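One structure coming up, written as structure tokens, with questions to follow.
Naming follows writing order (A, B and C), and every chain is counted from residue 1.
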Amino acid sequence: MREEQPPIVELKGVEKRYGDGPLVLDKVSFSAERGDFVTLIGPSGCGKSTILRLISGLNPVSAGSIVVDGMEPSRAVEKLAFVFQEPTLLPWLTVAQNVEVPMRLHRTEAATRTETARRSLELVRLADHMDYYPRQLSGGQKMRVSIARALSVSPRILLLDEPFGALDEMTRDHLNEELLAIRQQLAWTAFFVTHSVAEAVFLSNRILVFSANPGRLHGEIKVDFPYPRTEETRESEPYQRLVAEVSKVLRSVERLKA
Amino acid sequence: MSAPGTGSRLSRFARNLLPVATGVGMIVAWYAVCLGLSPDHRFLLPSPREVAQAFAEKGPTLWSAALSTGTGALLGFAMAVFLSFGLALFLSLSALVRASFYPYLMILQMTPIIVIAPILVLWVGPGLRSVTIITFLICFFPMVVNTTQGLISTDRNLVDFFRMCKATKWQEIFLLRVPAALPYFFTGLKIGATLAPIGAIVGDYIAGNSSGGQGGLGFLTIVYSSQFQMGALFATAAVGCILGFVFVSGVIALSWLALHKWHDSFSRPDT
Amino acid sequence: MRILEVPRRTAVLIAALAAFLAGCSKPAPASPQTGGGARIRFKTDWYPQAEHGGFYQALAKGFYKDAGLDVDIVPGGPGVLVPQLMLSGQVDVAMGRSDDIIVFADQGLPFVIVGAYMEHDPQAILVHEEDTVRTFADLNNRTIMAVPGVHWIDFLKLRYHIDFRQIPSNFGIAQFMSDTSFIQQCFVTNEPYYVRKNGGHPRTLLLSDSGYDPYRIIFTTQGFLREHPEEVRRFIAASIHGWDDFMNGDPSPAKELIAARNTNMTNEFMDYSIKAMREAHIISGKPELGERIGMMTRSRMREQVDALAQLGIIPKTIPLGTIVRFDFLPPELQPAAR
């Protein structure tokens, strides 16, 4: 029997408002265990991206607390990596140089950087594109570089904010599978924001549904399918039934008024 | 770029020929206009032949004047590049800093050079020094504004990413903001490059550039206009134009070197 | 070189453009007959000042009106290019210096000298009292602030076998006042007054003493002369009368008119200028040489032409008849027939 480990991320009564603006998040509480893949889903404006930014320490909470691996988010930054909606690559650097950026900022020495970058790129199967410039890559490729960059710092927690939203469905499906394949090897905890129910069900073991105005945790849906998940999982009947169910919950949440 | 076949070969030939044909057409029109002028007015517009003659006769004078003006322009331009970059870095630090300094920068920009120049000549003395400073003053403002804009316009996501990586302020400035601002920087430089020769000629006109007794293009302008040598005057204008061309081409070449690998401004049209 | 075939439409366009401009290029009528007599627009070379006194005297005391002329004195200023204005038909008659007009005439520009209002040029070199420059030869290796393109610069260099640097003139004395080694061009009637007023000690070298001795002249275009010979003759006569009255009579009418048109002018300054003109024999010349107000001699004109030819500015000596007409002067001032 495994020893009881404390949750890797815990939110208690978190509230957020920007300046004097309206309440964006209202008393959100949840926790995540090591190895969880948590997807946050909900209508626009429910604060899911905000939660990621709060966990990452990019913005402070207005009330309540967040504990990340036993620390405040801003202190835990070294254990975190963020994959933004845009690939956010530096256009004047090559693919390899881009992946090395976090290490450069931490002043890791050159030999280690190069080796680590190469391995990260191999994970996303772009090692042969090391000397390309971002503008020579497709949208999907750029996203993979962004993921490789996030992985280069060996994070314990990976935060992904709608990373595949701008891509076509086939690319998206492939990247979903790649992401899970990488997770097999590296076992980070993930927080994932998306609008796609199919994606949420495919990737995660827990789905948190939020309602909007203000953002509140409406409920949680557990996804029990075993890992590794593949194309076949997508075609399976239980999967499709769960997708339908979650969609229904989502629609009901959208109809809720504050 | 060109698909095989006679169709595109012809169009490429035509594309090269067209500017030349237009140029020749303009010279013909110029001659026609000259012929159409009354004798009293003929002296106001020299014919192409007179201008060519002036080039032939006064070639060496025009060349050393161009060098003289070009030196002043280059020095003033270089000074503007370095100082504007430094000031832009300073201004990019905070909105408060910008609010404090922009008004004075605007005042500097608004004050007409024609008024400042004689005062400058009094303080610094005539010659290359004054010309350099006048050139600097003319180029400086657009460069500062563009570079500052570039430094503060960095993509929000990239800034967040750097913060996530716990980058220091210096790392953020020199590894992120400065490279991201390079396209803006070069825009400012291109504007400055068109202004620098003008500034040097104006400076020349007011402060003289007689290093070794040889004046610059502005000096020649006064000489030729007071001596009513219209052909030479037009030739001087043409040389000034060429000088401007050289400057702008130089900057475009520099910006190509810095940007062509990664910036969209150099992307091929049918990628 | 192969002649490029110009498509027909373009040729028509070019022809139309040329015709249009040819039509536009007729000069505006120079002196429409108004009720007040024949109109003459006379351009001076600076803001209204005592050095133009004779003309303003003639205007103020009605000499022009008596001659049946409606004269409009149009002031010049720094950077004003008088020859260009005359060719584009905006002025009819103007002030100038004989050497400039000789050079223009040689270039084929249709100007002609018709009279002189100063027998000698008030142009001088201005130095500080303590400067080591005593003669023109001492200017060697110095720097002089002067208007670019003036011919006396080349003359001085050639005549005295010297060289010096030149910076463009800004027509002020600020640099002179702040630097005791500064040298610049000036008018003996003007800058020294202001230098003294600001506590400086100036000294001048009169350019006409160097052997370069132009007249300050009245000139017009061949065309205007052909169409209005009588008006030009009467203008010159009335102007000479004005100068005579200004220098030898009471100059107050001119001074009042000048002060009214130039608010910076003071009586004290104008009196200084008049005194300087008298002392340097600017207007009426040296009586011992038989010079008189408004006179022009063939020999001095030829000297001018020779000097310019020597400098290589005009390629050869040109016949005086192409550049100066003596027959518009009052009869008593005309040189003897050749």
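A few notes on this one:
To be clear about the criterion, a residue touches a chain if its C-beta (ideal position, glycine included) is under 8 Å from a C-beta of that chain, and two chains touch if they have at least 3 such contacts.
Just so it is clear, the structure is predicted and the values come from calculations on it, not from any experiment.
If touching chains are joined by edges, the resulting network of the protein chains shown is an open path.
Chain B has the C-alpha centroid lying closest to the overall centroid of all protein C-alpha atoms shown. The distance from the centre of subunit A to the centre of subunit B, each centre being the mean of the chain's C-alpha atoms, comes to 49 Å. Taking each chain's centre as the average of its CA atoms, subunit A and subunit C sit 86 Å apart. Our note on geometry: subunit B versus subunit C, Cα centroid distance of 39 Å, whole angstroms. Listing the residues of subunit B that touch subunit C in their complex gives 21, 24-25, 28-29, 32-33, 35-41, 43-44, 118, 121-122, 126-127, 205-208, 210, 212-213, 215, 218-220, 222-229. Those residues of subunit B that touch subunit A in the shared complex are 155, 157-158, 160-167, 171, 175-176, 179-180, 182, 261-264, 267. Partner subunit B is touched in their complex by these residues of subunit A: 56-58, 77-78, 80-82, 84-86, 88, 90-93, 101-102, 104-106, 133-135, 153.
Of all the residues in subunit C, the ones that touch subunit B in their complex are 4, 6, 10, 14-15, 17-22, 25-27, 81, 83-84, 87-89, 103-104, 107-110, 143, 145, 147-150, 163-168, 170, 172, 174-175, 178, 221, 223.
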